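Labels A, B, C and D are assigned to the chains in the order they are written; within every chain, residues are numbered from 1.
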Amino acid sequence: MAVWGAPQPAHITFHALYSLQHRGQESAGIAVCGRDGKMERHAAMGLVPNVFDAETLDALDAVYDSAPGSAIGHNRYSTTGSSEQENTQPFVGYTAGGAVALAHNGNIVNAKRLRHELEGDGRVFTSTTDTEVVLQLLARANTEPDALAWTLSQLEGAFSLVFLFSDRVELARDPYGWRPLVLGRFPDGGWVGASETVALDAIGAEFVREVEPGEIVTIDDSGLASRRFDEPVTPAHCVFEHVYFASPASRVFGSTVQLVRERLGERIAEENPVDADLVTPMPDSGRSAATGYARVSGLPYREAIIPNRYVGRTFIKPTTGERAAAVRLKLNVVAEIVEGQRIVVVDDSIVRGTTTRLKMAQLRKAGAKEIHLRISCPPIHHPCYFGVDFPDRKELIATDRTTQEIAALLGVDSVAYLSIEGLHEVVGTPEVPGDHYCDACFSGRYPITIEGELRKDALTKHC
Amino acid sequence: MAVWGAPQPAHITFHALYSLQHRGQESAGIAVCGRDGKMERHAAMGLVPNVFDAETLDALDAVYDSAPGSAIGHNRYSTTGSSEQENTQPFVGYTAGGAVALAHNGNIVNAKRLRHELEGDGRVFTSTTDTEVVLQLLARANTEPDALAWTLSQLEGAFSLVFLFSDRVELARDPYGWRPLVLGRFPDGGWVGASETVALDAIGAEFVREVEPGEIVTIDDSGLASRRFDEPVTPAHCVFEHVYFASPASRVFGSTVQLVRERLGERIAEENPVDADLVTPMPDSGRSAATGYARVSGLPYREAIIPNRYVGRTFIKPTTGERAAAVRLKLNVVAEIVEGQRIVVVDDSIVRGTTTRLKMAQLRKAGAKEIHLRISCPPIHHPCYFGVDFPDRKELIATDRTTQEIAALLGVDSVAYLSIEGLHEVVGTPEVPGDHYCDACFSGRYPITIEGELRKDALTKHC
Amino acid sequence: MAVWGAPQPAHITFHALYSLQHRGQESAGIAVCGRDGKMERHAAMGLVPNVFDAETLDALDAVYDSAPGSAIGHNRYSTTGSSEQENTQPFVGYTAGGAVALAHNGNIVNAKRLRHELEGDGRVFTSTTDTEVVLQLLARANTEPDALAWTLSQLEGAFSLVFLFSDRVELARDPYGWRPLVLGRFPDGGWVGASETVALDAIGAEFVREVEPGEIVTIDDSGLASRRFDEPVTPAHCVFEHVYFASPASRVFGSTVQLVRERLGERIAEENPVDADLVTPMPDSGRSAATGYARVSGLPYREAIIPNRYVGRTFIKPTTGERAAAVRLKLNVVAEIVEGQRIVVVDDSIVRGTTTRLKMAQLRKAGAKEIHLRISCPPIHHPCYFGVDFPDRKELIATDRTTQEIAALLGVDSVAYLSIEGLHEVVGTPEVPGDHYCDACFSGRYPITIEGELRKDALTKHC
Amino acid sequence: MAVWGAPQPAHITFHALYSLQHRGQESAGIAVCGRDGKMERHAAMGLVPNVFDAETLDALDAVYDSAPGSAIGHNRYSTTGSSEQENTQPFVGYTAGGAVALAHNGNIVNAKRLRHELEGDGRVFTSTTDTEVVLQLLARANTEPDALAWTLSQLEGAFSLVFLFSDRVELARDPYGWRPLVLGRFPDGGWVGASETVALDAIGAEFVREVEPGEIVTIDDSGLASRRFDEPVTPAHCVFEHVYFASPASRVFGSTVQLVRERLGERIAEENPVDADLVTPMPDSGRSAATGYARVSGLPYREAIIPNRYVGRTFIKPTTGERAAAVRLKLNVVAEIVEGQRIVVVDDSIVRGTTTRLKMAQLRKAGAKEIHLRISCPPIHHPCYFGVDFPDRKELIATDRTTQEIAALLGVDSVAYLSIEGLHEVVGTPEVPGDHYCDACFSGRYPITIEGELRKDALTKHC
């Protein structure tokens, strides 16, 4: 998330981060940098509204004395580097070229090797993030004609990056375009870069275009400039953004997420029809697909599972009895709707299946005659090395199980997943065909070669 | 909320309060009382999970040394008495008969007069709640044969009360039955009283029956006993519980709220059909009614307005720009769904209309061709003296305005409310006919005479 | 602590409470009351600067709109009533006569009996303090010609009380004058009542006179008025105020505490001389007496025990190893001063002796040849029912032990206490002779009859 | 502060830091490192007991699984680098050689130049401390035969450093020995390095010797080893450690601080006698010298100024009226002692003189006939570049003023400072003669050449 040339850039960034909270809830941070080179940063563990208050934002914006300024911000969702204060972003460093702050979305798969090289060259790291690798490379590249382009060309994996310097903001995206990164403009002047279009909507900016895979966009006093740091390749956009990660209100990779999700629901209804009395969504994740399923199937759409809006945002450990208590708090079933009925339950995805099982038991206990679970994506079988933090293979419910076995485990009458072909057809458009998406978590087909097993703590503490 | 005869009663009460959080977010509290008469209470401003942690709950339950015990709890939604620590509930007092704690849901309309009498009799109040009036009456009634029945017979207005003594729990409900109060039982023994059946579901208790209007239920070592403190009258259940207040997953006054809300949506579709392309709910409040509306109208049900799940639970003041910024954060519109479409937007109710107006403007800006707002209850015209905290008449959007004027104000093509007759027919059942409901906020027909204007601070600070 | 007729009375009270922090560290509170009868209070567990910040004080003072106003405040040192939020003071109640706040210093020995009478009369208590007993009596006295005088005449024991009403402040002191209470005046107008003269110094007020034992002082718009509520008796001022409790900078009962403490040190030197090389104080409590001891004995005064100024104000539990670790942190010995020397260590009093023993061991370890402990008061043998919270008899080091046994226990060569006669002679002045002091903790001679054993929790939770 | 080979090293370090709190109150931190190379650190703004609790310390010690382990700790007193979370110490970095943590006491005068060289070499800094300069040098020195010795030889200025590696602890001190650093041993095995001997006393360790100027001490499994990194020079121990900085209970540079301070008081009495009635210390700073002054002068030693023990540890801003209010809270004068008397007030030093002036006014107001201020060190005229954070020259009271002018400014009858010769004679011993001390703040004679003006923020934020 980056802002250039707008008044109160820290306040703007705060609003944008708030609208992007779904992309990361571990920590949040904002950095600003005055023309005199004074960098200020505030970052902490927790949700955006808990990390920032008006006083903190005012202090950051004070760097610009009411004039238009720039800022970058970050919501952290831990993939590489453990969860700690020193891993919060934006990451700030001081180099011969001045102070620089950067925020990173994605996962750099050759970070460990790069780090070892840099350490071997007599360098010191002060965090365990792959983000610091980018910064140290950038500093070392000070003799290159285009230090940033050179730096980015060394990186492998998924990265959408925003850099803040005293005199410019730079945005870059990896050649495969794994993670989204869009460019917006304020009606009254000023630019913004953000992961999703909802952030533009939240701050009143207009969508301009995506930052292209392999592109660096530089915004400074002379306006916007673009250059490439790498040769074009066939894109590999993360299809899980459409399935689960992005906001339904965003346009991502050229398609509106909510429409994609409705179509995914329609498609699973076409692929896996079932004779039933009603369709109900798993709240809130299955709602978009469930309306699509209802439309195609002609079954009535009814909300039989009621979420407790106050649970889930606040951490509550199951203190008495088992985990089922927490699920009972989180969801209630309307018995009168499900009693004696054949029900289709729609959800967007299923990872471990632990809580799904408990929810299905609640439906059964409330009198459901038949339960047919429909998942609007294929089964998850493989790790993601590009920014989604799935659990280990052995914890994934689909590992080494047939759908019949999964249905038995979940206590439902049938389970059906969307086919990979169906997924491709739904997300594909003339501009962004289905094979421009990365579906490695479903198919195991990785767009690039992965060296060895990459783990969350690949870079962590050693001495 | 009351528990009797169950292990870890404070933990149980915590879970129940959590499931009832929608009934009050101002403060929360739990009281326990050992057989030796030792009363312990923990209460504070804030949401249930912020007020209690495992340590606090363990300390409360420690009173019972792992044996079954009793507890009462409360979520405060401020009607009488200002918002302060000393007004948190349960309210605890020490009398000649021992310690007593009580929790109150409702509003006692003759509290001010009763308080003046008690003060005139040389008594001291230490809070500004009507709850303390109940306690002081109870203490003064120590020479009455049935002190509690006598006390309750002095009260006018809406009250669902739970009392905790060292040797018993007592539950009572006003003769009109304004507020709900249900009785449940644990499979392994032990009783529970709660405002709604979702609380029973949350803690694994089974629904037994409602506490009747005008009834006192006593639970002690000899089991459950019942007596009346007043003559039966025609009930006046709060219809707004069905419209807005209660959880959709609860049974209230004999009907399941979610079904009632779906039927309210169907009814408004029957009463006010409109030629349109799709139906969309105002999230999350209009969803139940919108599915009903879609079913009757035959229009497709699509979710065009996307709520930010992280906003609204945490307090955020609009710091930059106007209030619209906060609304933009809270909701996003999926432009591809609304563009060029004639849209029916369904919501459960409309009070001031301030945020509705901003949301309608967002829809319009996203390209909606026509917007038809359908409200699944009648217009709110009158104050509630029985526990719902509406703003002043002059702030209500329906005050002195026709629906055309309201539509103009909100910037929509049409607004239609449900008729009062329609409301009665929907909520009415053979057991609880429509005229057993209080609809004074819509009709102005108050079941009892109200002396003067009662305001929120009627009992507040004077010296 | 009370202020009348001064601008920003809450800020003033805050400063006064800060200067009186030594009198109670458990909780602090301030109440203000507008002429319109609006009472506001802020109180919480903890030290004065932690309980209040500028914002809180401003909010309290806002009641007066920059005009001169009134306030009362309190530092709580727990004697009756357990340590809890609901026992913080000032205590606020609402009566037929309006709101009233009161703050109490002392201990009412017949509170339990009075409370039972009031409860038997159908009254409810909401705390476990003897302070609420005073308030309830006052409310019940509403038919008496002088309700306050009647109320005070019912109380037995030690009480210095300040009352805040919307139109006046009243100050009262028990007939024996156990606890101090002084009256001051601001140069620019306005009155102040406080426990000690240091509070007057802290806020720039001038000492006027003491509130007399058995006197009520009323301050209102017509100025200051005085009346008695009880017959004069021989005073029984608490001698422990001079020995330990009051600030050395205060005048208490007509004498300056620091001078009294120096004279107590001189007297113990006269009563118990010893051949030694130097005198050193136990910091910081023994310093005043040690300078007196040095003066009379002619021995050099040197500081051999160095306190850690950062320990002791913050709570630290001994986490590793034994309690000795905490003492080592708290005090360090200058070995070069004590090595091979015969040392007189002077302290003001000794209660349990636990930490003294550890300190003496440190001195011995550092090479002290002889240690002679001199205590500038007599041994404590009896409980105090009038506001000082000594531990149980069995925990007092002097219980059933000779001074030789105490010396052996403490590991010193000799221990000597001041004689009771010496104490009387030192504190006695022509105006306030020695026998106008209560020395019951030393002598067991209680000025009034005590019914049964009074314990800290005499009024606590029962039900 | 460093511990090697002792169980619960984090707990030990906590106790040591607590005893050294007087050396820095801005932030505190502890680092531990397991043999497997896992470095853990906890550091935060605030006082030691607020930064750490038992849980945090247990978590750090858990690295060692109850076996003996190592830890380093730091109390930060800001000289270089602004006051922020990212400047807390110990500073942790990851290099090719593994993780390393270091804690620094002192000030490196060529840090800016070194940093520019390192940045120019393509390196990134993530803080604004001179401590990071040491770490980056150490990493770059990875091809040197003795990387640490080489690194230290590059540094100019004052530094006492402790390093923690997974397999050893190293301690080093600059060739001039500006700051103290002592070595201790636990009776049961294990080593400790600390700034002052009070830390050894606090944790039950025995003093072994000082780390020599220019020495590196390495402690690992094979025991203790020593080497030099630089040629011996004439030491320049900071004389202000004796005057003000160190604990009176410590031995520093071979002398016990308390004895030195008593002798400084004796010496100023010899150099500047005055006809007076009594001597009183400025609490608590002047107490040691005042007893010495009293001894030599024969005047009675009395404590006329009473500190409020609860003020000063907690931050309180003057909210009403002027700064005088805060001083009145902090100190009270015993009028009966000073009234009509000729008083000698002794303090250890005087920097700005702002609060001294207010205190003198209080003494005068209380009736002092004559006030003679005696300062047991020479006037401060020059900045310190070696770790003491004096204000700018223009804020120093002694700048461009005679003692008569200072007396007039402070409102006293006379002011006298100790002579530089007197200071040298008092601190000098046969082992450490007076000219082995740095007295640059008094004399302007800097032991090394200082390039340009060094300011607190010399290294701070630029971009």
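Observations, loosely collected:
Note that in this section a contact is a pair of C-beta atoms (placed from the backbone, for glycine too) under 8 Å apart; a residue touches a chain by one contact, two chains touch by 3 or more.
Predicted, not measured: the structure shown is a model, and the values here were computed from it.
Separation of chain A from chain C in touch steps, taking the shortest path, is 2. With centres defined as mean CA coordinates, chain D is found 61 Å away from chain B. Mean C-alpha position of chain C lies 37 Å from that of chain D. Remark: chain A and chain D have CA centroids separated by 49 Å (rounded to whole angstrom). The multi-chain contact residues of chain A, meaning those touching 2 or more other chains, do not exist; every residue touches at most one other chain.
Counting only pairs that meet the touch rule, the chains in contact are A-B, A-D, B-C, C-D. By the touch rule above, chain D contacts chain C in their complex via residues 8, 11-12, 15, 18-19, 21-22, 25, 47-50, 54, 57, 198, 201-204, 247-249, 256, 258-259, 262, 284, 287-288, 291, 294-295, 300-304, 306, 308-311, 313-317, 319-320, 325, 328-329, 332-337.
Those residues of chain C that touch chain B in the shared complex are 33, 37-40, 85, 91-96, 98-100, 116, 119-120, 122-128, 132, 135-136, 138-143, 165-166, 461-463.
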